[in-house]
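Letters A, B, C and D mark the chains in the order given here, with residues in each chain numbered from 1 onward.
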Amino acid sequence: MSKPAAVRSAFLLKDLKCRLKSHAAIIAVAMSGLTIADAVKAEDASAGKPQSGGIIRYGHFQEPPCLYGGWVQQWYLQRQFSDNLVARAEDGRILPWLATAWSVSDDRKTYTFQIKPDVKFTDGTTLDAQAVVDNINGWLSDNPELENPTAGPYLKGVFESAAVTGPLTLKITLKTPFEPLLNVFAQSSQGILSPRALKSGKAVNCESPVGSGPFIVEKWNRGKNVIFRRNPNYNSAPATAKHQGPAYVEGIEWRFLADPTIRYGSLLTGESDVVYHIPAVNWQDANSHFKIVRHLTGGTPLRLALYSERPPFDDVRVRQAFAYSSDRRAAVQAAFLGSLPYEGNFALSQSSPEYVSDLSKSYSYDIEKANKLLDEAGWTERDANGIRAKNGKPLIIRITYTNAFSPPDGDQVLQIIQQQAKAAGFDVRLQPTNQADFWAGKNFGPNDYEIVPLYWVAPGAEIYRISYKPDLNGVRNPFNPSRYQDVPLWDIIQKAEQAADKAQRIALYQQAERRIVENAPSVSYTILDVTLALADNVKDIWLDSGSVGEPVFSDAYFTGKK
Amino acid sequence: MNAVKTIGNRSFWLARRLLSGLIVVWAAATFTFFVQFLMPGERAQIIFNANTGNVGEIPRDQLLAINARYGFNQPVIVQYGKYIRDVMHGDLGQSYVQYQPVTDLIARQIGPTIALAFAAMLTAWIITITTTVLFAGRDNIWSKALGGFQAFLATLPPYWLGTILLVVFAIQLRLFPVVGGNTLMGLVLPTMALALEIYGFLGQAVLSEFTRVLDQPFITSSRMRGTGDFSVRLRHALRHAALPGITLSGWIIGKLLSGAVLIEAVFGRQGLGGVLVTATSTRDIPVVSGVILVSAALFVATSLFVDLTVRLIDPRMKEA
Amino acid sequence: MNVTYPAASFRQDATLPPVSSPLLTVQNLNVSFGPAHSRRAVVKGVSLTVEEGRCVAIVGESGSGKSVTARTLVGLTGARSHVQADLLTFQGKNIDRLGDEEWRALRGKHIGFVLQDALVSLDPLRPVGKEIGETLLVHRAIRTRADLTERVVDLLKLVGVPEPAVKARQLPHELSGGQRQRALIATAIALDPALLIADEPTTALDVTIQAQILDLLSETRERGKAMILISHNLAVVSQMADEVIVMRHGEIVEHGSAEQIFGDPRHDYTRGLLKAIPSVRSRGSRLSSSKAPRFISAEGEEVRELTQSDIAQRSRPLLEAERVVKRFRGPDGKLRTVVNDVSFSLGHGETLGIVGESGSGKTTVARMALALEMPDEGEVTLQGAPWTAATEKERRHRRSDISVIYQDPLSSFDPRWTIERVIDDALARRRGDPLDRTSRQSEVSELLDLVGLSPSFRTRRPLELSGGQRQRVAIARAIAPRPRIIVCDEPVAALDVSIQAQILDLLGDLKSHLRVSYLFISHDLGVVHHLSDRVLVMNHGEAVEAGGADEVFLRPRQPYTRKLVAAVPQLHFQAA
Amino acid sequence: MSFATSSAGHAKAFIIARVLTGARRFPIPVYVAAFFTAFFLVAGMAPKLLQTHDPLALGLMSPLKAPSRAHWLGTDQSGRDLYSRIVAGTGQSLSIGLGATALSLAIALILGVTAGLSGGWIDNVLSRLFDALFALPTLFLALLFVSLLGTSVSTLIIAVGIGTSPGYARMVRVQVLRVKATGYVEAAKALGHLPKDILFKHILPNAISPLATMFTLGIGQAIIWASGLSFLGLGVAPPSSEWGALLNAGRNYVIYAWWLEVMPGIAIAAFALSVTVLGQYVQQRLERRIELP
């Protein structure tokens, strides 16, 4: 098990992003606000007072092409060198960061922000209202140098203008109300960068971006690491931080160790102080030897979207039969060895507030039920290998996934499902597809697959709007890869979104949840996480659960001699 | 007069070799240029998707804009001409994905690859020379086992060997760093993984020639002068046996980049290999072409170096 | 090397040699090769002594054990060898239980060894000066680098190499054959050893060079050093040796003074060897003891009656070369004229010998006669029709009129083919009546019979044959298409003298019975003289002299021919 | 003795005696190599004969078990029997090894023979082409084909086959040049044989036979190359247990379950080495009668 889920989540995120032909995948991740679940907090207050000094050697996973941008790998990095307008707590509350205060007009269309005084970018320029406005206008422009692939798709439809109203005050006007605005601002990709530095172009900024954050990018040795140096003048930590002022550690050596053996090995040998994602096979070992910091994400679970617009999955009985035909709980245990929980609720992750826990017990492995459903659905013919057919057409299920992104742990689940579903008469075929082909849309034509594994991280059930909106008025919902068209479901979702009362909203969302599980447009097996393993002498590294769980090093310190 | 003739010969030979080397590099450049049209997907689309994280059709105006910016709307032959002209000026273009000139990207990553390749080659030679001189052509079990051992090494997948070395020597025994980077200690394991495979081939080539040479009359002749065995091996036989080894080294260097890709992946090292794989998987064509071109040029250069070395060791070649 | 010793009691006696002992004593030497269970004896019971200042020659054909015997004296018989001797002393000391160090001290310093063919016996990658210096360095005979250079140059001067300082820095291949051999001798005599062993020191050298080298060796001997000379060439030996040992199959056949061996050979083998040497005196007689084969075909009729057309054509020469010139481009890009303005003609049933030293262009002439090489100027005609000037397509069906026997038959056979296939392949090219499969098979047997090989050879492959057998197959192949001309390019140069005698006899027999003409190319004047009607002497691509064989060899007019004839070593004690 | 009159039993005894006496002279490594080669050939053609378990059967209760009597080489993360999976993957791996090498040699033969025979500008152009192709990283060619054709056994065969062909082409060319210059080719010409006869009777057989050892060496190398591609995630789709795929999958478990990585690697090495040893030995035996010492 090994490449723990975080790796996988990052990958699948990217896959989805490619596949769904839109920037919005990123948005969805950005919305992962409410996810808390069993995040382990790095408390350890008893360890004594934080002491200054040392360089944290952090073994990360993938290297992005630029140090900031829309990919989750870039978010992790940007969190280190830039600050956001607002911060988001684990419980979803919006707290001050660069904005010390803000107000919203009654029509919910005008936001006024008060910016913290005396904040400087690390190139010496001042972070004032003008700088924030310049950033926002850049994100939402068509200038490829400044455009923000996360904020753009969220806000371009609703944004009207941003204006400076004083040296430290600014006003943002929307065309229509948009409640998630502050959530968007709280995400790392919306960190404020020095407008002066941005003028020197993307090539330069990708290498050495300038923000006001706790660390300064000193050098990016491509293929190897990014060297961060402490910002000695840091005075703009968010309210979620454990302390104000400069980071305790002198810097971070952010190493790209894509190989899990090397990454975990480097922690074992003491060459790294912190590593991302523990290989599943080492999960037990890691738990007994190291401190684990973990964030389980909300939104949809990691699921197999079943293409329900054409046979065989246009028949709900076949979808249900498929769900019954595999023991996914055992598969997840086998593949992830306890490093990730089983998730049997096809609709929602267990860390979402609207989660109905008994739904996770549905569709437990039952080969007889699967056979019965398939018989009913007319898939009665069987060939020598036991593969079912209907009207001479064999029951072939093709699963397209990117092998470049899917670590063997994930493959493992698919292979187990493949093997088990055979007993029910499914001929499951795996179609690993490399990244470049993915980008070129290979194996992703409407007739090229029956199943695609995907997930969508979000705070909670609001994700339904994206995943289950049917194609209405001829407008195709590109984010619904199972092509599941359920207008009554959509009505329930809309009702929930408009419900003012929280309890009523949750009830409606749960109604939708049950309907989704019952109709099984997708079959889930686990959820995603961000996990760090820490050496004993490192304290107070936490994950920014308000966003996607970016590691935060500004409160971290070493105990004992380093 | 004799000397003048030799120099004349040599510069003539050198000029011819350089010319054919240039042709090879040009052919490689041309090949990679035209291969990009074989790859699925339209370039503008790839660039757009790479920069925005998107896939599939893109807005027509965006497509046109990118086509215009990169000159994709020009006839292929014009694009080719421009490409060759740029290459001749040392400009390998701009990465589609990485916001960097290709030359910068390569310049920054080529060092570790060359260091690894050089260290591996050097190590392989040292092991080859040591084992050959000590064990080859003797009437004992070691001598017999040597060839088998080399054949065995040649059949080990180098990245597999790398993994085993990494786990045993770095993670279990902690003799070497897991994340070595470019430190000397960090270079040891990747070097060994690559060098042992090279040694498998190199050693066999040198060994068989060494064994053959030991039976040559001039070796007997030297022994008949009272020269000691070790001296005969070192001063006479080794030079001869090294020749096929050097020629083989030229070939191996040509294949070293491919091997280095895997070794770099195993050990998480920087290097051209990683650049090539990333670029290929993202269809970052300028980078792909650049890496291919540079490695072809490296290959040509090392071949030339190898030939020069062979001619230095074996002056008879001058006349051939 | 694995040396075993006789009983200890015997050894004690042997360690106390008489005061006036010879330089070298060997008693009952046995050498065998291979592992214990399959040991192969190559030297059996050889005894010899060498007195100071004497030259002992060991003569024998390949496989006689003469070289192994010599190598035993320096302890270099190889890892798998097993050496046993009753007595082995040098300078009064036992040398049969020496350790590695002691052998090394002996080699080069006290016993010098000259191998044949300096091109492969000197390290081709090291300057000759270094090779000579090696002897000095190994035995710590010099003190400084300058000393070394000086000594090397002196030695090269001593062995008669011109420009010694320059040559010392050159590689073996940059020296001429003679200079190389001189340099090799210099490595052996650098420390003025008491005994010089020369193993075939002049083989592969041109006769004129051979004469010079023999002179050089004689000079060494005149300085009072003892010498063991190993050679297959009786004439060479007869010039130098005081004592001669004739070996065959690892045993001594005859041992005596040079006068006795050459003047009154007692053993049949020795007599046969002496008789086998082709020379002017041997013309018209058989060299070997083999009988002339019956040239009768299965049907009982004589092979190849002369036809009318044969007789009609007799007036015209079969093959005629008209002022042919051939140039090759050298590695430096310059044209070198290899054959310059050579003309000759070859008549029916005639043998034309072309003789010359290496580089004289004689092989190129042969290749032009075969139209495998086209002259740059002039032309070769075959039976009066254009030959080299014709196209290959036109030539192809006429090629069966002219066939070839090479010096190295092994390389001229496809190693994968059986002898039957080789000959069958040539039979398929026979002009006129195409033979069917079965008649070709019987024809193969007949041809093998004709060249003195049993039918069992049909299924063998070239590598499994001895040199003489291969040359017989080559001859069978050459005569299979019933050619009118056979070009023989050094056909016996690689053969032992007794085998050479058999092949020459065979060629002679075939000539008279098949009525073919030979274009016979050789560096060996004796061989050419033995076989040829007319002779063409070539030097540096030019025809120096031409005429009847006796005329040219017995009364040479040109200085070059005279020099050539004079250089041929003569048996000093020719049997009556 | 005449075979016409000797009884069949006689002949048989004679042959058996020959085989036995010959067999005694086999070196031990040849025995071992022959055993492994035979084993893998059977595994490739009839895997069921050798499997102890269904290679796809899950054992979710017994994942990652170390080698034991029940599972000779241990189990993988889904409890599948590793030994049976290696046996099951043999067919594909062998197809890749043999197929790629055969393709590579076929290409090399056509181009190399053309270059060697033609001489002149054709030789020059082709030789430069070999150089250029040789200068391209093999891996790049492989990546190229994988992106053009997708991942499958046949893609790996094509990718590795074409990727390794320039090296062979050079060798073929050199061999053709060598044979072209031999005395027997000239002798055949002097006999007046047609060029095509000379080509097929002399040049091709003699140029190819020294490459036979290369072929056996190439099979192993092709498997190694293909497994390298698998390692980069460009191999055959699961649940294939092609050796490269096993290596790739095993790598992440190496710290905890070493057998998953070590065993497939040993399988590759054992097969590659066995084929090489056997190939060299057979070549030696066959060529002993015809090869110059």
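The definition used in the following text is that contacts are C-beta pairs under 8 Å (C-beta built on N, C-alpha and C of every residue); 3 or more make two chains touch, one makes a residue touch a chain.
In UniProt terms the chains read A = Peptide/nickel transport system substrate-binding protein; B, D = Peptide/nickel transport system permease protein; C = Peptide/nickel transport system ATP-binding protein.
In this text, all values refer to a predicted model and were calculated from it rather than measured experimentally.
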item: Central chain (distance from its CA mean to the mean of all protein CA atoms); value: B
item: Centroid comparison with chain B (C-alpha atoms), farthest chain; value: C
item: Which of B-D and C-D has more C-beta pairs touching across its chains; value: B-D
item: Computed distance of Cα centres, chain D from chain B, in Å; value: 24
item: Distance between chain centroids, defined by C-alpha means - chain C, chain D (Å); value: 45
item: Centroid distance [mean C-alpha coordinates] between chain C and chain B, Å; value: 48
item: Centroid distance [mean C-alpha coordinates] between chain C and chain A, Å; value: 87
item: Where chain D touches two or more other chains at once, by residue number; value: 147, 251, 254-255
item: Set of chain B residues in contact with two or more other chains; value: 40, 163, 167, 171, 265, 280
item: Partner chain B, residues of chain C touching it in the complex; value: 74, 76, 79-80, 100, 104-109, 112-113, 115-117, 120-126, 131, 134-135, 138-139, 171, 173, 184, 187-188, 190, 331-333
item: Chain B to chain D touching residues, read off their complex; value: 20, 23-25, 27-28, 31-32, 35, 38-40, 148, 151-152, 154-161, 163-164, 167, 171, 251, 254-255, 257-258, 261-262, 265, 273, 276-277, 280, 288, 291-292, 295-296, 299-300
item: Touching residues on chain B, where the partner in the complex is chain A; value: 40-41, 45-46, 49-57, 95, 97-100, 105, 108-109, 112, 163, 166-167, 170-171, 174, 177-179, 181, 265-271, 274-275, 280-283
item: Chain D residues within the chain C interface of the complex; value: 182-184, 186-194, 201-202, 205-206, 209, 289-292
item: Touching residues on chain B, where the partner in the complex is chain C; value: 5, 8-9, 12, 138-139, 216-218, 220-229, 231, 235-236, 239-240, 313-316, 319-320
